[in-house]
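Have a look at these structures, which come just after this line.
The two complexes that follow have subunit A in common; it is paired with subunit B in the first and with subunit C in the second.
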Partner chain A sequence: MDNLASLRFFLPESILTVAVLAMFVQDLLTRRSARRVVYLTAGALVWLAIVAFATLQMPAGTASLFGGLLQHDPLRMFFTWVFLGATLLTIVIAPNSGQISPNRLGEFFALLFALVLGMYLMASASDLLTIYLSIETVSLVSYVLTGFRRGDRKSNEAALKYVIYGGVASGVMLYGMSLLYGLFATTRILGEAGIAAQLSDVTSRIFLAHAFGGQPAAQLALIVAIVFVLAGVGYKIASVPFHMWCPDVYEGAPTPFTAFLSVGPKAAGFAVAIRFFFATFERQLPDGAFAQVGDVPWPAIIGIISAATMTLGNLTALVQTNLKRMLAYSSIAHAGYLLMGLAAASAAGVQSILVYLVIYLFMNVGAFLVVIAVANARGGEQISDFRGLSVAAPVTALTLAVFLFSLTGLPPLAGFTGKYLVFAALVQRGGFWNVILAVIGVLNSAISLFYYAKIIKAMYLDEPLDRTPMRVPRLYTGLLVALAVPLLVFGVYWGPLVRWASTAFGGPTPI
Partner chain B sequence: MVGPVHYLVLAAILFALGAAGVVIRRNAIIVLMSIEIMLNAVNLSFLAFSRFPLVPVAPMQAGIYAGQVAVFFVIAVAAAEAAVGLAIVIAVFRSRTSVHVDEFDTLKL
Partner chain C sequence: MTESVFFWIFAVLTVLLAAQVVLRRNPVHAAVSLVGAFFFLSGIYLLLAAQLIAILQVMVYAGAVMVLFVFVIMLLNLKEEEMGHERLTAWKIIGGASIVVTTGLIAYLALGNAYPTGLLRDMARTQPGFGSVKGVGQALYIASVLPFEVTSLLLTIAVVGAVVVAKGKI
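Then we have the complex of A and B:
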């Protein structure tokens, strides 16, 4: 599709660009107003509503935009709704969090919209260059937002570590992309001369092997290139070995942004991974199943990373005393669970990832919201600060218990649904190693119960820190309940969620 | 005659030097410089592949320029990254008057 016709599909991104500028202008205009927090929050919500409306108006179906740089398809639309959900929650949470000063709130919202723009692009990027640029857009804004509390030592330090890890990861990814470009003489993934078309074309595969002096050499170059590209994606979703930034950044960043970071960019990273691997190395058969193209063992690579990621995340989470840091390691572990769905290399696997991400949005943002509420009232994020929370704030404690049990994956909560679908996809795919991976996943879920239960023990069984009722803003209590109820509902009634995911991926039309 | 292999080997060496610099050097500014070296190594690799295509490019003429286009974007992004990175280094320096990476240990296990 040419550039002018593509603009119609690019409307949400265009509006987000305007929203970034508009938030900066509104920030300047309301600088002297006493009610600026209310005005800015309302402004941000209005812009978000306009973006959501534009997203809703998008035509269904599949289209290649801007000559193959971006791809419009149901998968993209699914992810945009996850991003919008995470953004809405962050906008509502941020003003009362006490971590973002009122006179910098406009700046925060403007940067947040820039981040959402990057994630939108990540969800639709179908060219190596746009993948790199969209990941960098998200990264650069994330660095700034991590170091948002300027005078705070932790915040600065986290931002610096994030920049260094991010720079290395994107450099490695870019090197892999240059190798891919060398192999295929194009940066397009899809389309007639794209990498996918060349890989499935036997003649170009023979040329490729010839140019590299034999099939094994060409194969090796391809695998090295893929592993390098995986570095960039793995860094966005916080998987081993690119997870080191995650605990530091989660602890140092302002908590509302941590909640956003643990859901939004992680989902966007999975969007890139799904599109890259399934468009390039898989071909959909008429019956809907996927067949591998080009003999690249990418599911094995993902499987190994997945097992290492969840085991490391869970084992390290066991010894944490700071709740934000523990949730960071838990989010690493969840990246591992999600990668299992990718390792299954089937439509069911991807659908399980999509369902899991939606559920993860509710439970993880909910858990971070409780951390904000407790940190504001008691001045700390250590597990010891949660002692006797059930006495001081019964509703908050109960909802946190729901979020944590859901993160563990205990039935009848929604976390169980997500995990069940991931394991089912792996077992359904069959094969010795896939079943082993599923077993590792189950064992890891059991380990994770230890550290989640530690917090619940502190809340319900330990001697209370303070018996007087804890002050929780009414907005937060309402939000916590609103986040906890869907987890109970999706735990027993997940049909609509699965149907939505199956329309987003693996339907009759190829991606 | 200088061929693609020379450029690719040089790119690989530069990339390895940059990566080693990130791991070994302890000054945050030099670490950022090492990241720049890594990105420029990638640029060289893109240009080498663009100038000396390994696969026949007849059906995909546009592909041969894609590598050169990528380099422009990488240069721009590298500049943006350096701007953000140095701004953060300044913020860190203000709060602890050092840019030594080893001393950044407030956040720990």
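Then we have the complex of A and C:
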């Protein structure tokens, strides 16, 4: 589709661009107003509603936009709703969090919209150039928002570390992409002369050169290129060995943004990974199953990274005393669980990732929201600050218990649904190593119970720090309940969620 | 033949100077090495028949951007003791060796055999107007107008971000 015709499918992104600039202007106009926080929040919510409406109006089906730079399909639409959900929660949480000064709220919202724009592009990018640019947009805004609390040393340190790790990761990814470009002489993934088409064409010139034992020499180059491209994606989803930024950034960034960072960019990273691997190295058969193209062992690479990621995340989380750091390691572990779904290399695997991400949005944002509430009331984010929370704030403590048990994956909470679908997809795919990976995943879930339970023990069994009722804003209490209830519902009734995921990524449903 | 001789000259010098950018302790030396790396990189662009990009590389990067870098370095005015000391630790040796071995292996094993040689240069020869102002303009504003616009938005955000991070009271 040519550039002008593509604009119809590009409406949400265009509106987001306007929203970024409009928020700056509104920030300027309401500078002297006493009610500027209200105006700015309302403005951001209105813009978000317009974007959501435009997203809702998008035509169904698939289309290749801007001559193959972007791909419009149900997968993209699914991810945009996850992004919109995370953004809505962040906009609602941010003004009351006490971590973002009212003077800078307008900039915060404007940069947040730019971040959403980057994630929208990540969800539809089908060209190496747009993949790189969208990841870079998301990264750049993330650096700024991480260092948003200027007076705070930790915030500054986190932002600097984030920039340095990010620079290395995107450098490595670009190197991988340059290898791909050298092999295929195109940056398009899909389309007639795209990488996918060239790979499935055995007479293409990259198969003509042979190296060891008659194997196409290009295969080794391809594997190297994939591993390098994975650096960029792995950095966004915080998987081993690109996870080092995660604890510092989560701890240093303003907590509302930490909550966003742990869900939004992670989902966007998975969108890129799913599209890149399935479009390039898999071909869908008429019965919905996927067959590999080009004999590239990408599921094995993902599987190894997945096992390492969840094991390292869980083992390191065990010894953390700061709740934000613990949640950071837990989010690394969850990246590992999600990668298991990718390693299954099947439609069921991808669907399980999609379901997991939606559930993860609820439980992780909820957990961070409690951290904000407790940090504001008690002035700390250590586990010791949560002692006796059940007495001081029963509803908050109860919802946090729901979020943590859900993160562990205990039935009948929604976290169990997500994990069950991921494990089921792996086992269904079969094969010795896939089952081993599923077993590693189950063992890791058991480990994770230790550190999540540590917080629950502090809240319910330890001697209370302070018996007087803790002040939690009514808005937060309402939000916490609103986030906890879906977890209870999806834990027993996950049909609609699974159906939605299966329309987003074609193939037989997992259950 | 002449082309590959020039290619090797440019390639080796680019990599050597780029390494100097990282290895030099004195930032001014690093900046000057970067000018050299940009310059020889533009030589490689010329070999790929991308004349306009080569000229822009010299004018914009080796010229304007570098002047800015040198200005910033001079404004910072680092003292000798602030530059830190050069220490050769075991980790640095291991890291350096592994980089050399990995890139060498990739180049030798994978790319040496796999690259369809001359593919990119073929493109230059078969497409009329490749590398000219018109060709680059059409590629930039028609085929790649979306990345172009996204980049411009990215730069806007970067400017705002720099102000947000650097300026105390706004």
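Criterion: the second predicted complex is superposed on the first by the 495 of 511 C-alpha atoms of A that agree within 3 Å, B and C clash if a C-alpha of one lies under 4 Å from a C-alpha of the other, contacts with A are read in each partner's own complex, and residues count from 1 in each chain.
As a working rule, a residue touches a chain if its C-beta (ideal position, glycine included) is under 8 Å from a C-beta of that chain, and two chains touch if they have at least 3 such contacts.
Please read these numbers as outputs of a predicted model, since none were measured by experiment.
Visitor: Scan A:Ala22 for contacts with subunit B and subunit C and give back first, second, both or neither.
Guide: Touch status of A:Ala22: no partner.
Visitor: Using the superposition on chain A described above, determine whether A:Glu136 touches subunit B (first), subunit C (second), both, or neither.
Guide: In the superposed model, A:Glu136 contacts both subunit B and subunit C.
Visitor: Does subunit B (first) or subunit C (second) touch A:Gly252, or do both, or does neither?
Guide: first
Visitor: Contact-wise, after the overlay, does A:Ile195 reach subunit B, subunit C, both or neither (first, second, both, neither)?
Guide: In the superposition, A:Ile195 contacts neither subunit B nor subunit C.
Visitor: Considering only the touch criterion stated at the top, classify A:Phe148 as touching first (subunit B), second (subunit C), both, or neither.
Guide: Touch partner of A:Phe148: subunit C, not subunit B.
Visitor: Give one of first, second, both or neither to describe whether A:Ala271 is in contact with subunit B, with subunit C, with both, or with none.
Guide: In the superposition, A:Ala271 touches no partner, neither subunit B nor subunit C.
Visitor: After superposition on the shared chain, which partner residues are touched by A:Leu179: those of subunit B (first), subunit C (second), both, or neither?
Guide: A:Leu179 sits against subunit B and subunit C alike.
Visitor: Per the contact definition in the header, classify A:Leu400: touching subunit B only (first), subunit C only (second), both, or neither.
Guide: Neither partner.
Visitor: Quick one: is A:Arg104 in contact with subunit B, with subunit C, with both, or with neither? Answer first, second, both or neither.
Guide: second
Visitor: Jot down the residues of subunit A that show up as touching in both complexes, subunit B in one and subunit C in the other.
Guide: 129, 133, 136, 140, 143-144, 147, 150, 159, 179, 182-183, 185, 208, 211
Visitor: Touching residues of subunit A toward subunit B in the complex: what are they?
Guide: Touching subunit B: residues 128-129, 132-133, 136, 140, 143-144, 147, 150-154, 156-161, 163-164, 167-168, 170-172, 174-175, 177-179, 181-188, 193, 204, 207-208, 211-212, 247-248, 251-252, 316, 319-320 of subunit A.
Visitor: Which residues of subunit B touch subunit A once you look at their complex with the stated criterion?
Guide: 8, 11, 15, 18-19, 22, 28, 31-32, 35, 38-39, 41-42, 45-46, 48-50, 53-57, 59-60, 62-64, 66-67, 69-70, 73-74, 77, 80-81, 84-85, 88-89, 91-92, 95-96, 101, 104, 106-107, 109
Visitor: Spell out the residues on subunit C that touch subunit A in their complex, using ranges where they run on.
Guide: Counting only subunit C, the residues touching subunit A are 106, 109-111, 113-116, 119-120, 123, 142-147, 150-151, 153-154, 157-158, 160-161, 164-165, 168, 170.
Visitor: Applying the document's contact rule, which stretches of subunit A touch subunit C when the two form their complex?
Guide: Touching subunit C from subunit A are residues 3, 17, 20, 24, 66-67, 69-70, 103-104, 107, 110-111, 114, 117, 121, 129-130, 133-134, 136-137, 140-141, 143-144, 147-148, 150, 159, 179, 182-183, 185, 205-206, 208-211, 216-218, 220-221, 224.
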